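Once you've had a glance at the structure underneath, I'll fire off some questions.
Per-chain numbering from 1; labels A, B, C, D and E assigned in written order.
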Amino acid sequence: MTSVSTPKAGIITTLGAWLLAFIWISPLLFAFWAAFHPATGASSFDLFAPLTLENFSQVLAAAPFPRYFLNTFLLVSLILACQLVVCTLAAYAFVCFPFRGSGILFMLVLIQLMIMPEILLVENYRTLANLGLRDTILGMGLPYLASAFGIFLFRQTFKSIPKELEEAARLEGANAFQILMRVFVPLAKPTYIAFGLVTVSYHWNNFLWPLVVTNSVETRPTTVGLQVFATVEQGVDWARVTAATLLSVAPLLVAFILFQRQFVQSFMRAGIR
Amino acid sequence: MDISVSHLVKDWGTSRAVDDISFAAEKGQFIALLGPSGCGKSTTLRLIAGLDDATSGTIAIGDRDVTRLMPAKRGLSMVFQSYALFPHLTAAENILFGLSVRGFSKGEQQAKLKLTADMLGLEHLLDRRPSQMSGGQQQRVALGRALIAETSVCLLDEPLSNLDAKLRAGMRTEIRSLQKRLGITMLYVTHDQTEAMSMADQVILMNGGRIEQAGSPTDLYEKPASVFAARFIGTPPMNVLDLAKVEGGMGLPGSMRLLAAQTSGELQLGIRPEHIHLSDDGEPAVVQASEYFGADTILTCCIGPQSLQVRLPGRAGVSEGAAIRLGWSPTALQFFDRSTGLRRDDVTVFKNP
Amino acid sequence: QTKLDFYYPVQVGGPVTKVIDGYVAKFMAENPGIQVAPIYSGNYNDTTTKALTAAKAGTPPAIAVLLATDVFTLIDEDVVEPIDQFVKTDEDKAWLDGFMPAYLKSAQTEGHLWSVPFQRSTAVMYYNKQAFKDAGLDPENYPKTWDDMVAAGKAVTQKDASGNTTRWGIGIAGNVGSSQWMFGALAAQNGARLMNDEGTETYLTDPKVVEALQYWVDLSKKNGVHPQGIFEWGTAPADFLAGRVSMIWHTTGNLTNIRKNATFDFGVAPFPGHPNPASTLGGGNFYIFKDTSDEQKQAAFKLAKFLTSDEILADWAVQTGYVAPRDGAWKTQTLTDYTAEEPNALVALKQIPNAVPEFSTHENARTTKILNDALAAALTGNKTPEKALADAQTEIDKILKQYR
Amino acid sequence: MNKSRNFLYGSLLLLPAAVLLWTFTYQPVLATIYNSFFTTPKGRRPSVFIGADHYTRMIEDPVFWQALTNNILYAAVTIPASMGLALAMALFVNSRMSGQGLVRMAYFTPTVLPMVAVANIWLFFYAPSYGPVDQLLGLIGLGHNNLLGTPSTALWSLIVITIWKEAGFFMIFYLAALQQISPTLIEAARLEGASPWQIFRRVTAPLIMPTTLFVLVNALIGAFRLVDHVIALTKGGPDNSTTLLLFYIYETGFQYWDTSYAAALTVFLLAVLALIALFQFGYLDRKVHYR
Amino acid sequence: MDISVSHLVKDWGTSRAVDDISFAAEKGQFIALLGPSGCGKSTTLRLIAGLDDATSGTIAIGDRDVTRLMPAKRGLSMVFQSYALFPHLTAAENILFGLSVRGFSKGEQQAKLKLTADMLGLEHLLDRRPSQMSGGQQQRVALGRALIAETSVCLLDEPLSNLDAKLRAGMRTEIRSLQKRLGITMLYVTHDQTEAMSMADQVILMNGGRIEQAGSPTDLYEKPASVFAARFIGTPPMNVLDLAKVEGGMGLPGSMRLLAAQTSGELQLGIRPEHIHLSDDGEPAVVQASEYFGADTILTCCIGPQSLQVRLPGRAGVSEGAAIRLGWSPTALQFFDRSTGLRRDDVTVFKNP
């Protein structure tokens, strides 16, 4: 990752970097600590309180987190799959089939970079209700299925693919669909990965819109579930809330820790900057 | 005729990149499209390939008029300057790309792949990705992809320009002998005159979108049709010097020696560096620079106000600032019209006594 | 087969959902033609939001437990049916008559009864008897007046060597969604009302109301017995259980939770007075929604009746600590046994005669928010109580004007 | 290639995206503007045209002004702070040091965690007296604050969370940009005698300028979009001190059910975003592209 | 001595990139570091510049030991292969970068800038960004940045390799004449032997991290110290053929002609293509390929099982497959030990009658 010629960091820089890192990670460290200790330990912060898994089993017994995970998983998969298809097709059109006015269309698309669906939640809610898709996973995903960010990113990547590759494929007799699937898509793999990671983490973490459109356990994603769980009528129990919090961040966190190298690299290779 | 192009024109917006080009290539010929950067070589090739649409003119491959056909239907293959290998595919997959999108059976593909790979010595590279291959190997794979379709015409756009000098020399002979062996017609774009001269049956020299001269390498070297052609070919290129009126004809300014019997018009004299030698009774000159290359030494000299280059074998042993005398055979002299830049064959060489 | 969506306001899971699930199962066993899907949808606020959202989209729940105070909002949005229109038989009438009038009152307006009480509460004071004992107070002699409370608070407040308070005297939740309830009690204790029964007028500039707020503010500012800033409803039980606060004002619905988790001897006391003790009524009622089929409405009514039977209400009171809003329920074996064992459970009930309805007006969410903001502004020292309440009154007047 | 073919293929390929974008972005924008000129339909009162009444009401609405000033303060602090920290982090992580991978992970982790989940952890951090932040403040003699419960500190507490959450995300962009800088450029500067600070000021910083501007736009949008922590932690309180624009829209639309007034507020937010867009297309895209 | 390097070693992990290199350059000399890719040229240069730290060995610039100094303190300047121009600065700002970070006054900067720009013909380009300049212009700016500091030593790492052939030839003479004029010492890395031969006072030929041969261009060309040096220099390079034992000495396999009077050991014969000519009583050979370049023709021929190249002037007029006879002067022959690859000066050339 680091090029050899980068100078080695001095001791002060290193210490600064480590201190900042510690501050940045400490909320998570605390959550780990609290989740594995009995409820009374958490608020008095007794470092030597005994370890326990009790909190997790209580949370799992108390709220349908597995169901929430399933909902989140379905939501994220739906959005990711559709975004990939829709954005790929659109980007391909912008790069390879420009026609009069497609430049203006692209500018229009870019507007959505600014106006994310959650800003229009009142109207979008109305639309969704009219479609009868309230409180469904499809409805929760629908406003996000076309992503301007995705179109923008894929267009950029497709444009950076040497024109000769497309021409070579054309000369070899490939049709438009073959060119897309056999040249553009595989070559844009790092971009797809980076975009996929962004989308997954965005929608895994999305809260406001799902909060508005979901009503029932059958559709509610983890974030909303966690919020409902932590909304207290009877009082906060830190140990259980942190346990629930950890449960809901765990899949993404584990995935991130496992793939952080690839994550960061594909981010860079995709030229998102 | 395997390729025949007539009155081809291509405009990019208001600028004309290809300006009324016509030529024909016989089956099995190796044609080089030569010219400086921006003269329209690539554009011409792309028009023939069908990657761009001609503004006017017609293109025929074999006996079919293909001017309006899709690239894939024209029955030709192409090698790109950057190779245009698909970076995500292995060498084998790259070579087979065309067959596979055209739906050839696996068996056929493998049989053809084996033949092509054998021919190009690629057997041990078939599983590698382009990034795992050297430039020369990539070049071979690109050739393989063009040749496997067994089209009778193959277009190549500066296929060797990304290789280093040593490799380039090797690939040159390789491509040429392959072309001869397979009997295909090759149209080869290059801006490197060495490549064009050493490989082609016919060289088409372009300049500013037009054909400057078309002919065999010997024609171009020995009888350049213009100052442009004369100066474009040869390393170092031909010396072209202005002549001035002297008593009884024309000669080099500042020298009394007559060179041309002509007296009217403005003439330029052309002479190749390797046709000049040191001669005790030659034209006096002063050495400005001397570059030693082992086999030869190139001297840059002044005769009067004009400078010219001389190629001498081995180490010349003349140092900068030395006064020398240069001689040449009268048959080595060529003449050009200074205003049109065109060759003048009507000038009588003045034979010194 | 009739299907019913039943919104119930509680964090999903938790012991309470199990109880509700049990009731519903029992109901369905008795009524094989009806299928009830309980939907647990967060706190009262969230549930109201959800129910309204759903109703506006044309897919309302058949029945929901929502705050009694939401009645005006729900009427204005025209999403609920008056309950009395389902009451046809004598048996139904008898059932209706069995509710305590105090709880029915807040559901009556425009000549109709709009909902029936279910999980009702009054706010009570939980206090730490151990702390009282440590401070040399009589643990059985809880504070009866505002001054008593300040005095007791001062006695139990503890500081560490550097002067930081380690134990507070009293905590009254001042966060959005809770403070208006607490404040209703404070105002009533001072002999004032916050609004009229029609929900069209508020009396925030009444000097007695202002005085009540001044008392609350002074608890921390002048007397130093109350934590600074906003004391949170959510963390109040934890603070109480951890001994950081010795007295908290909270819902009786938290009794069971505190009973299970307290590691010290605690008491439940009625609210003090100035001079007359008063509390506020709170909690949720059953609402039956429009825009569903007649069968569903009938089935919903049946469910409401079932869940407000004396037996169920009694069990519910035991399971949670809520006040059963029917005299009949208190006569059941279940409750008499329970109150014998846990007399604290009676405190809320005994308070009812001294309790006023919770703050409730048209556009309740918004007016409540304005009141909450005013209370927060005063509690955090941003505004004086007069100014805060006067500003709120102006804002609320603007909104309620159209309903007068 | 030929134009009508391009049009046919192009429009077919664009169709799905166009339909979705129309339905969930452009049509709602238009509808929002339209609805902002009507009263909210209530069950018993149909909506009527009231012209710009909502907008005059907005001008007189103290909560709106508070939300706006809150949001401006929020943006003005979170953006420079998180960008500055992000750059520092990227520079740290881009230099060779021990534990580089761990450090990078620590910086980046907050980014992948859901804001609502994170809010629960911070709620504890900010808890009065026993929360770690208050205990730390106690060490320097500033203890016993009710950080989230006091209007003067509540917004700042949210700002800290936002910076903590966003800095790592922006770091990635900076890191990508830094790695894109050819090491020979740095070497050339070193040979010319430039000190590390001069190298940063005169070579690195200008070269990552495009990234800085890109990140800036993202941060601006984010400052008007992220309200999860407001919902989870303060609900806009105390006394509206943490109410941000989008939260106010949410509250007006989904708590008060005044959808038309919410529409008018949304129109205002859209105007703010349009300004950002103008700034980006009009100014940033004309910025010098060096490569 | 302006640069003196002794016993320089650089290890990258376990692999040794530079292996005990020592050489010295006198003031005003032009030294070329020549060698194939990966042989350690750039590493050597970077060690001298101080961009990497040497594993062992010492480096002196002028009379100072600079081995442990920071790059900026070594009193040298450098031109990078990629130019390393700052893309966000204009040509003028690029050139002045060093002066400005070192805090020279504006006046001084402008005076020096004017001098440098004049010298390099950059006056009209000073306001342009690198992206608005051609490769050659960028190259000049990079040179300007190196020269403006007026250090006595300048290091250049393949400064011309990104330019096209024509430009390269021009820049070559330009750099060389500049260097002579300013009297600075230049250390110039290249893998192009033409560049090294035509420019350098002294060529240091590297191979695998070690010095293969160091000497003047003539030395390297005429007396290559090893087969490696012989084959690395010259286009086409020297022919190196195995010799076999023949009655009375050694000769080419399949030929009866004696070439060396030696009989013991295994020998290789070296002869440059331009030293071979057609000769009626020469060695019989068969033409395999003929490449025409205008001034010369390169024949590839077989003698027995071995192939060699011959450079003939003009158009040779020999076609492929023709049987010819090749002759050479005995003085053109060189001998190498087949096992060590080293030059053998002790072999007696057998003079044919």
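In the analysis below, a contact is a pair of C-beta atoms (placed from the backbone, for glycine too) under 8 Å apart; a residue touches a chain by one contact, two chains touch by 3 or more.
Not measured: the values here are computed from a predicted model.
Chains that touch both chain A and chain E: B, D. Chain centres here are means of the Cα atoms, and by that rule the chain farthest away from chain B is C. Chain B maps onto chain E through a rotation of 180°, based on Cα atoms and reported in steps of 5. Distances from each chain's CA mean to the overall CA mean are smallest for chain A.
By number of C-beta pairs in contact, chains A-D lead all other pairings.
Centroids of chain B and chain D (each the mean of its C-alpha atoms) stand 59 Å apart. Each chain gets one centre point, the mean of its Cα atoms, and the points for chain B and chain C are 94 Å apart. Chain centres here are Cα means. That of chain A falls 55 Å from that of chain B. Computed from the mean C-alpha positions, the centre of chain A lies at a distance of 39 Å from the centre of chain C. The set of chain A residues touching two or more other chains comprises 5, 43-44, 212, 227, 230, 236, 238. Counting partner chains per residue, chain C has residues 53, 56, 235 touching two or more of them.
Counting partner chains per residue, chain D has residues 127, 130, 184, 187, 254 touching two or more of them. Only residues 45, 49, 52-53, 56, 73, 75-79, 164-166, 174-177, 227-232, 235, 244, 363, 365-366, 369, 372-374, 376-377, 379-380, 382 of chain C touch chain D when the two sit together in their complex.
Chain D makes touch with chain E in their complex at residues 182, 184-185, 187-195, 198, 202-203, 206-207, 209, 288, 290-291. Within the complex formed with chain B, the residues of chain A that make contact are 162, 164-165, 167-175, 178, 182-183, 186-187, 189. Taken together, the chain E residues at the contact with chain B in this complex read 164-165, 172-173, 177, 191-192, 194, 197-198, 217-218, 221-222, 233-236, 272-274, 289, 291-296, 298, 300, 311, 313-315.
Considering their complex, residues 1-9, 13-14, 16-18, 20-22, 24-28, 30-31, 34, 42-45, 85-87, 89-90, 92-94, 97-100, 102, 105, 107-124, 126-127, 142-143, 145-146, 148, 151, 176, 201, 204-205, 207-208, 211-212, 222-224, 226-227, 230, 236, 238, 241-242, 244-245, 248-249, 252-253, 256-257, 260-261, 264, 267-268, 271-273 of chain A touch chain D.
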